[in-house]
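Shared chain: chain A. Partners: chain B in the first complex, chain C in the second.
And then the complex of A and B:
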């Protein structure tokens, strides 16, 4: 989809120098404007009303301005340095960076950033008059910067990923990136004000877009492929450190734990949808089965099963029951596929939910007390570790939700491990083959039916594990937690993040759960926006935010240029990496 | 015996409601092989369109419930429903026509949620309109509501006359439309072979829009019927009704209009009978949806071509 533009190639070729200068000026003025007052009073966002003392959010704007200025400058310096022979080693690196592409996306992002900030100020303080002159300067600078970047001729595609990087640089870069992500996430989460949260989210989006367009993303993904274990361990280390950034507050940890449960379930669904290509619209039932199993076997006074084994056993049983349901719902795949399978799974999800609310002793055996569910599920106590109590580590108190967060992190690690190992195994290859062409896969000797069943059962097992923990985190289990909408949400996390990749799905899950939690003021409209998001996403980027390369090919089979680009990038024939 | 006849009639009228919605699934599927998952929402919007028409009329007539309101409400509901369906086709489905099958299905879920929320949040914002966050009472049009009529010892709920009559009229109209008009014949041609139809000078895009519009118009009729039958409407009513109607469409053999009607009636009767006569704890109204969905799964697995069934190709 080409957007019509007044900045034609001819115009750009004629005026690209002016463009660079405008971009440079826009970036610098934007950066300086951080020191000017943006808001009339201190009540909006963080305090932006001082002259000479930028607030935290203004510092983020400063960073964006500097990024744009650097990008624009490099385009001017490079030819000069090349002619004079200055710092040839650095120039070699610089030539591989997509400065121009980075500048173009930062130009748009800067305007978006100041737009969101000013909008928040106008809304929170009431009226346009509340924007101080510094805010208008920043806006003007952003517009100038945008026009400037539009005037620059399209740059060469970045090729940083082909750069030879010493091992320690790569590991350091991974560590720094993740640490930055942790700090930004902790900072964003600690915002009480919804407006500030949106502004930080906008900043993160612009930064991510810059990293991707300038080729830094490609470089990071190439080094993370080389240092895969480092990356995984670092990611978990960062997640492990997260509770320690909360100063003992459990509010964010409650959200974080729910996000992890949701993400773990979504990764399980990703096996079914992303790898094996079987659309499941009733997946929440497996999480529900796990939760109900754990609840009926828990120490709760309302539990209906007298047998109360230790939690490890309960968890396994929950997983196995879910897996059995997975086998049952997977068995029609022998005969049904595509849309019909989606409807079968949807119907199954509804059957599960209605049956659970009917098992109340009046319409059926009293197993789960019907729609009122099982309340008062006590906290876990594993090996003498009480999950309900506050534990103080290194002077930082860690509350109830932090304890569950650590448990979920452990389960998440297991799930990610299972997912990646399966993905790289003969089984994973079989799934991909089935997804691509079932008949061809069968002709090649892939056990199609067996593998489809395994996908359903495996995905359901993982969801069952997550469900068992969820029962204890929520302290009560009711059927109306497991409605169709939740399945749609899970599917959306998989689709938005990128089918078949772990990172994408986790990112999708985090965004889908976190944003509505933090944005109470859009809570009323969140479902509306969510529906719209699904429609728009399918139109503009059906392969998701962090796509599986093969998926991109599938969704854009008519875009020859893109296909060449991707096929060149694929390191080997079966590149399936996240 | 009277009880049985009561239940039979009840089932037929419920089935007629399903059938009217199911036609929309079937017509669209027959032409573009797309499960328009958001069709249940079109049904819901049709009901709200009819209600809006009545409210607007009420500003002139002072809330009259005379019989002549009904045709106007039907037209109002149809206009809104058709508009929704056509916009949906144009902006959400058409760009995805050659996309992998997953994409339109997810889009449909998105549209479905969007439309529900749109009605929930904004219907009550229009001055003079009731808040749509809870169920809204539907106007009780004279003759079609009120005390049941005694027909030969069987008490007939008055709303049943409307829905059964509407099904007969719509069915006859559809038959005429599909078999006797140029557009209808073009629809048949496109459903058999879109590429050849295009070579023969048929505007395939226009035919697809017509298919969506026809389905939406019938869904609006169903929406009014639902309002008269149950006495109130709410923004959530499309999900379950749509799922049931889809079951009906598959039951009859999706892509086949007569199949949708037969499937709808069968499902309605089976559901009413299961509610009334299923023995033991697992019978009764609280399990009827479960049995309907079990039936759906069994049909999809063992007889995907449905009861009447045209030959359905492999739906991969």
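And then the complex of A and C:
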């Protein structure tokens, strides 16, 4: 993100003190304005019309204001504390935090937040007149805050990731972060009002940007590197707890289950795209193959295969059939690479879909009833556990979708395990080597063709597993669920989240699937919006939201040098201060 | 061998014992359409020997290398390695015991130095997907061995403690050395170096020279393409000069150095003989 040219370095050097004060004032006023009425009537968002009683969403704004105020103040406190020798241990930690960078991004974020809030009020209540004076105060405060932060000299890159942290602090930080994420997600999902959901999403985005820019993100990622197992278990524990926050309501659980299926498939695709570097545009076909296999062997009255093995066996067969398809499409086509492979896989996805609609007893054998597909797939029953029934655990009822959610969570765990273990093995190194330089990999004795085939078949196998569950969750399987767009979305999730990482891809998948499910109006324009989002991401953060460490260095190795140059330009006290 | 390197003495004694034919390339010809890039070239390399391949740009040196390593399949002629016909697949060539470096460095830029070397161990290890996922005892043992060997090799080429850097961020000289370490990781008996000192300063070149001597002393045969004549004549037991795809001269370094045809191939027909010293 480049600083607009009006705020040149010269200007910043002259007015940086004023800038800090403005930012501080903007942040404080913004925080206080949460106690003022923002909307004229109670109908918009979560009722922001009270004086003296902030609504939940206004509290989020208050948090942003305070973050900005603290960031701006730290720049003033640090030199003072340094000179007086106050709390030297704390000061050392504080100097590693990118306060200035955090302030700058929060300044932008605050304006974005209030912008979204006011826009939502205007839309939901109808007309600018519905914005109360408190809203205008908040907007003004945000503008002042933004100008203030722009006037501060550029900050030094944070170095929190090199901070030595005691183990328990790290584990606590991971637990708290994930718990916070769970609460925020549960809160966001429980919003019925679309506007509120967007506001929370904006807040989450701003918070994430602040965490990343201020170096907290680096710190968290260095901690999670050290406590990998803790992080993984905590993440799954949080996901496991999620259904318990829903009070038996299946509305959100249905979305969550779909999101999980999508995410699991995306992680499978990540093996092919992120590790082995093979662009696959027809990946959805493997999910479809798994779903159709499970459907034809299900207890449905429309199932065409008489053999009804237990679901575990069905799932394995579904995976194997997908993997076989992967091998069949892979062996002749993996000799081409790059764009050509993308075209071939794209065609394969279409061939799969059209073939399925032709297996209708008229143009081919009646295997899947053509385009009407296989409906009425009954719920699973695993070891006497009925997936269709409501089970009550600790007084909280867990409905049908919660059951499938747990099953998918289990499959997700397997997929993540497969991905990470392969990534850090001989096989994974071979894949990355192929992605980096196929000729050199070949010349170093890497079995290029075999490994590519393995990536293709392995990814297809995992998608097949997810597909088998999907058939039962959706209760019907039709060819038009597996269109090219779905493949494109899977790929977008991988690219958006961060190629080659698990966390990033899961996050990308969650965003891409959750937002349109939750917001009907986004669903109508989702192609437009995601296209825009991808363009913006490629400009601002080409390595993805949670990037692989390798790829950060790939895209931004010169940015840090740029900052260093700026720093060198600054006289000593500025560099000390920022 | 007029170099005052500490390993030079050891080297002299090293390559007299047990000379065995390692690589025999006979009458290798490579045609691209109407262009004959390599024309009936023969080359024999013995164990513990460094053979230099020189020649002006476009003489077909790298093409000849590619024929040896299976990247190209020669139009005619055959390559025997340790008395067996070499299969024309790069991977099988590596498994047979021949490893190479590239003229324009071809590391895996976004992998760490250590990972680069570990990729070199790929063909000498065999844990497959299922063992890797289950982390069976074989996987653990192999993984530990691979890592240990990679660390050793990095130290061997003089890059101790640099394993964590991305290959693309390494200084140029280190990238060259890393490429050699990666090639050594495949446990080769013959090492093919394509311009290992291109772009290096004199000091780096000397270090490279010492490294190559060290490798030779461990009993490995080496073929090296170079343009730096001082380097070639310090290093090589025998030198073969290729010009326009054909072997012009083959012999000891001194013989080739003084051959007027070699000088002519490099600097054109003699007008003033004084350029010869610098060739």
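Going forward, the second predicted complex is superposed on the first by the 536 of 578 C-alpha atoms of A that agree within 3 Å, B and C clash if a C-alpha of one lies under 4 Å from a C-alpha of the other, contacts with A are read in each partner's own complex, and residues count from 1 in each chain.
Assume a contact is a pair of C-beta atoms (placed from the backbone, for glycine too) under 8 Å apart; a residue touches a chain by one contact, two chains touch by 3 or more.
Small disclaimer: the values here were computed from a predicted structure and weren't measured.
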Report task. Pick one for A:443: touches chain B only (first), chain C only (second), both, or neither. Result -> second
Query raised in the report: Between chain B and chain C, which makes contact with more of the residues in chain A?
Result: B
Query raised in the report: With the two structures laid over each other on chain A, which partner does A:351 touch: chain B (first), chain C (second), both, or neither?
Result: first
Query raised in the report: Of the two partner chains, chain B (first) and chain C (second), which one does A:542 touch, if any: first, second, both, or neither?
Result: first
Query raised in the report: Is A:454 in contact with chain B, with chain C, with both, or with neither (first, second, both, neither)?
Result: second
Query raised in the report: Of the partners chain B and chain C, which touch A:340 in the superposed model: first, second, both, neither?
Result: first
Query raised in the report: Where does A:432 make contact in the superposed view: on chain B (first), on chain C (second), on both, or on neither?
Result: second
Query raised in the report: Given the touch rule stated above, what does A:421 touch, chain B (first), chain C (second), both, or neither?
Result: second
Query raised in the report: In the superposed arrangement, which partner chain does A:169 touch: chain B (first), chain C (second), both, or neither?
Result: neither
Query raised in the report: On chain A, what residues does chain B touch that chain C touches as well?
Result: 554
Query raised in the report: Which of the residues in chain A end up touching chain B in this complex?
Result: 279, 281, 332, 335-340, 342-344, 346-348, 350-351, 354-355, 357-358, 363-365, 438, 484-485, 488, 491-492, 495, 524-525, 527-528, 530-535, 538-539, 542, 554-555, 558
Query - Touch list for chain C against partner chain A, complex - result: 69, 71, 90-91, 94-95, 99-100, 102, 106-111, 115, 118-125, 127-129, 132-133, 135, 139, 142-143, 146, 166, 168-169, 182-183, 186
Query raised in the report: In the complex formed with chain A, which residues of chain B make contact?
Result: 35, 92, 95-96, 98-107, 109-118, 121, 239, 243, 246-247, 250, 281-282, 284, 286-287, 289-290, 293-294, 296-297, 300-302, 304, 314-316
**Report entry** Partner chain C, residues of chain A touching it in the complex
**Finding:** 417-418, 421-422, 425-430, 432-433, 436-437, 439-448, 454, 458, 550-551, 553-554, 557
